[in-house]
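Below, subunit A partners subunit B and then partners subunit C, in two separate complexes.
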Partner chain A sequence: MKNSNTLTGKKKKNSKESVLTGISQEMLSLVGTAKEEYNAFITLNDHNLEKQVSDLSMGEKEEKNSLSGIPAVLGDNLCTEEMRTTCGSKILENYQSPFNAFVVDKLKDAGVMIVGKANVDEFGVGDSRGVSYFGPSKNPWDISRTAGSGTASAVALGAAVFGLGSDARGGLRQSAAYSGLAGLKPSYGRISRWGLIDYAPSLDQVGILAKTAVDIALVLECTAGEDYRDLSTLNNPAPKYLDILEGKVEEITIGLPGGWNDVETLEPEVKALFEKELAKLKEIGCIIVEVDLPHFFKASATACIIGAVEAFSNLANYDGVRFGFRSRSKHLQEMYIESRTEGLSSFLKQFLTFGALVSSESHYNEIFLPAQKIRTKIKEELEEILKTVDMVVTPTVPFRAPLFLDLDSCYGLDSSANIFTAAANLAGNPALSVPVKSDGDLPAGLQLIGKFFDEGKMLSIMNILQK
Partner chain B sequence: MNLSSQEIKDAAWDARLELSSQEEDALLQEAQQLFKKVKSFIDPTLENVPLTFFPIPSTAVLREDEVQPSLPVSKAMANAPDADDHCYHVPRIIEE
Partner chain C sequence: MKFEPVIGLEIHVELLTKTKIFCGCSTTFGEEPNTQTCPVCLGLPGSRPLLNKKAVEFAIKASLALNCDIVDYTTFDRKNYFYADLPKGYQISQYFFPTGTNGYVDINVNGENKRVRIHQLHLEEDTGKLLHAGSIIDSPYSRVDFNRAGVPLIEIVTEADIRSAEEARIFLQKLRTILLYTEVSDCKMEEGSMRCDANISIRPEGSEVFGIRTELKNMNSFKAVHKGIEYEIKRQKKVLKSDSEVIPETRHWNESKGITTAMRSKFKASDYRCFPDPNVLPVKNSSEWIDNIKKSLPELPDEKIERFVKEYNLPQYDAEVLTGSKELAEFYDQTVSLYPNPKFVSNWVMGELIGLLNARKEDISCCEITPTNLAKLFQLIDNQTISGKIAKTVFEEMFETGKDPETIVKEKNLVQISDAGELEKIVEMVIESNPGPVADFKGGKKKALGFLVGQIMKETKGQANPQAVNKLLAEKLK
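Up next, the complex of A and B:
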């Protein structure tokens, strides 16, 4: 955890061939370490990576774009033509997408060097459990603990400057907190989901993991914008986030939800780190006020109900007919059942069955519809509070990166990891996990939840905190 | 609320999945807890609250109907476990 690669740091050295060669070789070495020792990658962009490194070493992509030549990693639920897209699942182990995700094309157009596809929870459903069919994603701070995702592991190691992944109930932000990174879930509709194999379309967003606010701002500027293939992307062009980063943060008012420190699973260490960071926010001129969000802490269970129902529907097409794993069977129904039963993990099977249960006639009215009403309350309360404060602050996760041995007690269908993060997915607001580091110990995260399309203001606060 | 094992079995069938008896038991227990929790959230103030299916107002806007390049059939079918040039092959539909 000594590597400190950042996008801005690399660009300064981009003019001399020898330096570029050195950086490229160092990066290749880190990619190898991330794959072999931390299981961060499912697939490396082997052939193209060597060519891109060679081009970069020759200075061929120099100054094309701020992101040109910058190494990035993609969660393996973002479709790519040049590498398989497995979603961390046996059922898609050899799936080759016929197209690139919108964000992949955006990055390639900008000259980004995609080093590989990172380990993800199967179809993103495990949130930040960090375990897939391809094994666990180990945390660079302590390999006996989860990194939350391979993307977080790779970026924390310096094998990539930034990474893209998905965030449905908070998984991307949680992996950021576990791995000492920043993680942004943008506003719903800010980045196109075309080519993201999501499990809950009303909750999922493509998010960004990186080490600095500047890096996230540049990547957001590159990937945000309208896409006719995703109707949730709005006609709201991305601003120049780098300009916003330099804005004043004095007198920004931040609401702290009452009851944040009553969360049962809140670790004393996380509480202490969070309070220390709140003090820093006050030092830089922010005003912290307590706010009342009575439904906020109901978000995790609510998002579990809604996410499971959407996943039950959204993942129904993995049946062995058009793509993916197929079991040998005598007739069609048997083929559907055996392909899915053999191709999906035990945890995902239970989650999908739970989604089917909630969707059933006997539970739809008594469980699913009330969950959608609670979602309305969560959204309305956030909207009302954000008329009186600029943003809301909470810890990102109540605990630090769990040991692999303890994962089952931390993660179920619903997980207390989602207690602070799920509300932003239900409401669609942007949320940023800011890394909170302790001296030599595991990191934690501070979460800011902002107004729709106000990502820049949250990034400006993080930028000042990092200075 | 008491869920039954049969409900879990039926739901697994709806999802075209088979669960082991351990998986069924674990799911039954966890589903009961979650249902209980969500029910505890329900109070009279929710009665007239509208539903939120999407975080932003969503209207089905159709773009102009224009001919655009599409995926070649061969590329679209390249991932099929069993197919010929234009058809996916599946086992027989009617059970023996």
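Up next, the complex of A and C:
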């Protein structure tokens, strides 16, 4: 955990060339470690990486902007032309996408060096279990614990300065909390999802993992913006986030939902770390008020139902017909059943089956429809509260990185890992997990949930906390 | 016991948008398999649909033409099922809010007016197409062509108002005519851009309860619709008369054998788990937009028929034939505007023009004759340049070559002989060489005159002015 590469830190200190070669050599060895010892990567950008590094040291690549030459990692559910995209699943083990995700093109245009594709929960389902067909992603703080995702593992190790992943019920923020990183799930529609292989399109967003608020702001500025291939991004041009960070922070009121400390799985250590960080927020001038969000704590179960229904349908294209794993079989029906039985993990299949069940005619009205209504309630409630406060604060996850041994008890269909995070996905609001470090022990996370497209303000708060 | 057939139709019609409903791929028919595909219509991971507004507009246009109420808000819903021709594992369709509801089409069955109600019209995407070597059973492979996947479709569902195979055919033809007028589809049954399934049951006449129905598929022409339904009605009657029950199932019309065969048992309540697609935003059909589309509708067949009867004083039958296609009706309209004798024009168009078109199996769009030239032809008759009989020869020449009638008349030297001096010589010659008929006529046999006129026409190759000939003969034979 000594290698704390951050974009801003390095850039200021040295001249461009030495920074870049410096990062590259150091990084290459870290990438190797991350892959071999932490299983953070599914695929390394081997060939291209070395070429990019040598291009950089020769000074051939012009610095287009502040991200030029910066190493980054992508969750393996973001499509890339130069590497396979597996989604952590056997069914896509050798899948080569014919196109780049919108964010991948954006990063490449900015001169970012993509070091590889990181381990992800199979199709993102499992959120922050951090286990896929390719094995577990180990936590740099304690290798017997999950990092939540390979992306988090790689960034925490310093094998990349930042990482992009997906966040449907809170997975990206949780992995940030587990690994001592900052994790931003932007507003729904802030970043184009073209090329993101999501499991729940109404919940999923492309999110950013990094160590500092400034790094996240830089990456957000690069990747946000309009894309006609994702209609939710239209009519909301992204502001200059760095300018917002450098600007003055007005007096901020933050709402703390009543009942946050009644959550059953809340670890005393997390509670203590969170309260300590709350005190810091007060110190920097924030006003903390308790707010009433009765439906907030139903978000996890609600997102589980909606997520499962969407996933059951969204993942129906993995049928062995056009691409991906196909089992040998005598006829079409058998081909579907065998390909999916062998190609998908039992954890994922449980979730898909649950989705098929609650959307079936016999359960639609008693489960799926009420879940949609509660979703509306959660959204309205949050919208109302955010008229009176600037943002809402909670712990990110009730517990710290779980031991691999305990994963099955922590993560069921509806995981209590999602208890604080899912509301932002259901409502579409931006949410940021701020790392809360403890002395020598495992880190935790503090979550800020903001108004729509108010990412800048949350990053400003974090920036001040980090100073 | 007398039985009454009860029939409802489900018609799928491909819309004539240039691109598919959720991506930019071309919709052209008949291209090499899988050349008109992209990540979106192939359902590749990470791709997302982008709604083609033109498809929504066409669905509204078709709904308006079928007298439907238009929904003001609609979602695009996922209908989930697995099949090899369905790339995403679900079809995007308007399940909850169909574009049009409560419409109707009026048809004329043997002189009787009848209204067939439209239950709904909804927009959806087409699937790909399975390709086999020969029949699906014997083929060593199944291949999938996704060129068709994502082509916008409207599905039109009628109420069970149809009572015979003939009514079904007449309804379908009228529906096709209306849709062709609106230009939302080319409605080619043989290319599959219009496909019709029929739900058929029979019940004792006078009964209010529906019998057990079968769904009939694979009728690829109007004739097939007629024959298939007729066969199925007979089959069901036979089943009921033998005291058995009709099995609710999907049946297949076998064109070559002329029978229907069972395909699969149906109605086991397939659960499509429909829910709004989170990737396609709901659409609001503003009343302003709907009004604009309404304004863009052409005059529809029923309105045209009414106008032709009222304005042109045409018999109902003429009006119906002339409005059979928009192009024909426009041709007629334009000709009448240049030559304002509606019934005369109607006789020519319905007799000569449609006759020739049918003989050549062509339609009016490939016709070489322009309304201007046709009107010129009629004027040549009027000013006695040519006779009505010669006009038909000229007309055929116009049809073949597209030349204007004056040129043809000049080139072929078809000008009518009206010159009294010239005609007189011929008349005298014919009288001289036909003493028998002349005597017959003078003896009171009026019919003999016709023979003499015929001889004169023969001599002049039909170019003699018939009125002048008649007049001259009458004088000479006094």
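Keep in mind that, in the parts below, the second predicted complex is superposed on the first by the 452 of 467 C-alpha atoms of A that agree within 3 Å, B and C clash if a C-alpha of one lies under 4 Å from a C-alpha of the other, contacts with A are read in each partner's own complex, and residues count from 1 in each chain.
Throughout what follows, a residue touches a chain if its C-beta (ideal position, glycine included) is under 8 Å from a C-beta of that chain, and two chains touch if they have at least 3 such contacts.
Please read all numbers here as calculations on a predicted model, not as lab measurements.
Participant: When the two structures are overlaid on chain A, which partner does A:Ser360 contact: first (subunit B), second (subunit C), both, or neither?
Facilitator: In the superposed model, A:Ser360 contacts both subunit B and subunit C.
Participant: So in the superposed three-chain picture, is A:Phe420 touching just subunit B, just subunit C, both, or none of them (first/second/both/neither)?
Facilitator: It touches nothing on subunit B or subunit C.
Participant: Contacts for A:Arg322 in the overlay, against subunit B (first) and subunit C (second): which applies, first, second, both or neither?
Facilitator: Both partners.
Participant: Classify the contacts of A:Arg375 with the two partner chains as first (subunit B alone), second (subunit C alone), both, or neither.
Facilitator: Only subunit B; A:Arg375 stays clear of subunit C.
Participant: Which one hits more subunit A residues, subunit B or subunit C?
Facilitator: Between subunit B and subunit C, B touches the greater number of residues in subunit A.
Participant: Just subunit B (first), just subunit C (second), both, or neither: which does A:Cys79 touch?
Facilitator: second
Participant: What is the contact status of A:Leu231 with respect to subunit B (first) and subunit C (second): first, second, both, or neither?
Facilitator: Both: A:Leu231 reaches subunit B and subunit C.
Participant: By the touch definition at the top of the document, which applies to A:Phe399: first (subunit B), second (subunit C), both, or neither?
Facilitator: Touch partners of A:Phe399: none, neither subunit B nor subunit C.
Participant: With the two complexes superposed on chain A, say which partner A:Phe99 touches: subunit B (first), subunit C (second), both, or neither.
Facilitator: Both partners, subunit B and subunit C.
Participant: Figure out whether A:Leu196 sits in contact with subunit B (first) or subunit C (second), or with both, or with neither.
Facilitator: So A:Leu196 only meets subunit C here.
Participant: Please write out, lowest number first, the residues of subunit A touched by both subunit B and subunit C across the two complexes.
Facilitator: In the superposed arrangement, which is not itself an observed complex, subunit A uses residues 95, 98-99, 202, 228, 231-232, 312, 316, 319, 321-323, 332, 336, 356, 359-360 for both subunit B and subunit C.
Participant: In the complex formed with subunit A, which residues of subunit C make contact?
Facilitator: Its residues touching subunit A are 39, 42-48, 50, 78, 80, 82-84, 87-90, 142, 144, 269, 271, 273, 275, 278-279, 281.
Participant: In the complex of these two chains, what residues of subunit B are touching subunit A?
Facilitator: Of all residues in subunit B, those touching subunit A are 3, 7-8, 10-12, 14-20, 23, 26-27, 30-31, 34-35, 37-39, 41-42, 46, 49-56, 58, 60-61, 63, 71, 75-82, 88, 90-96.
Participant: Given the complex with subunit B, which residues does subunit A contribute to the contact?
Facilitator: 94-96, 98-99, 188-189, 202, 228, 231-232, 234, 295, 298, 301-302, 304-305, 312, 316, 319-326, 329-338, 340-341, 344, 346, 349-350, 352-357, 359-360, 362-363, 366-367, 369-377, 379, 412-414, 426-428
Participant: Tell me, which parts of subunit A touch subunit C in their complex?
Facilitator: Interface residues on subunit A, with respect to subunit C: 78-79, 85, 87, 92, 95, 97-99, 101, 193-197, 200-202, 228-232, 309-310, 312-313, 315-317, 319, 321-323, 332, 336, 356, 359-361, 364, 368.
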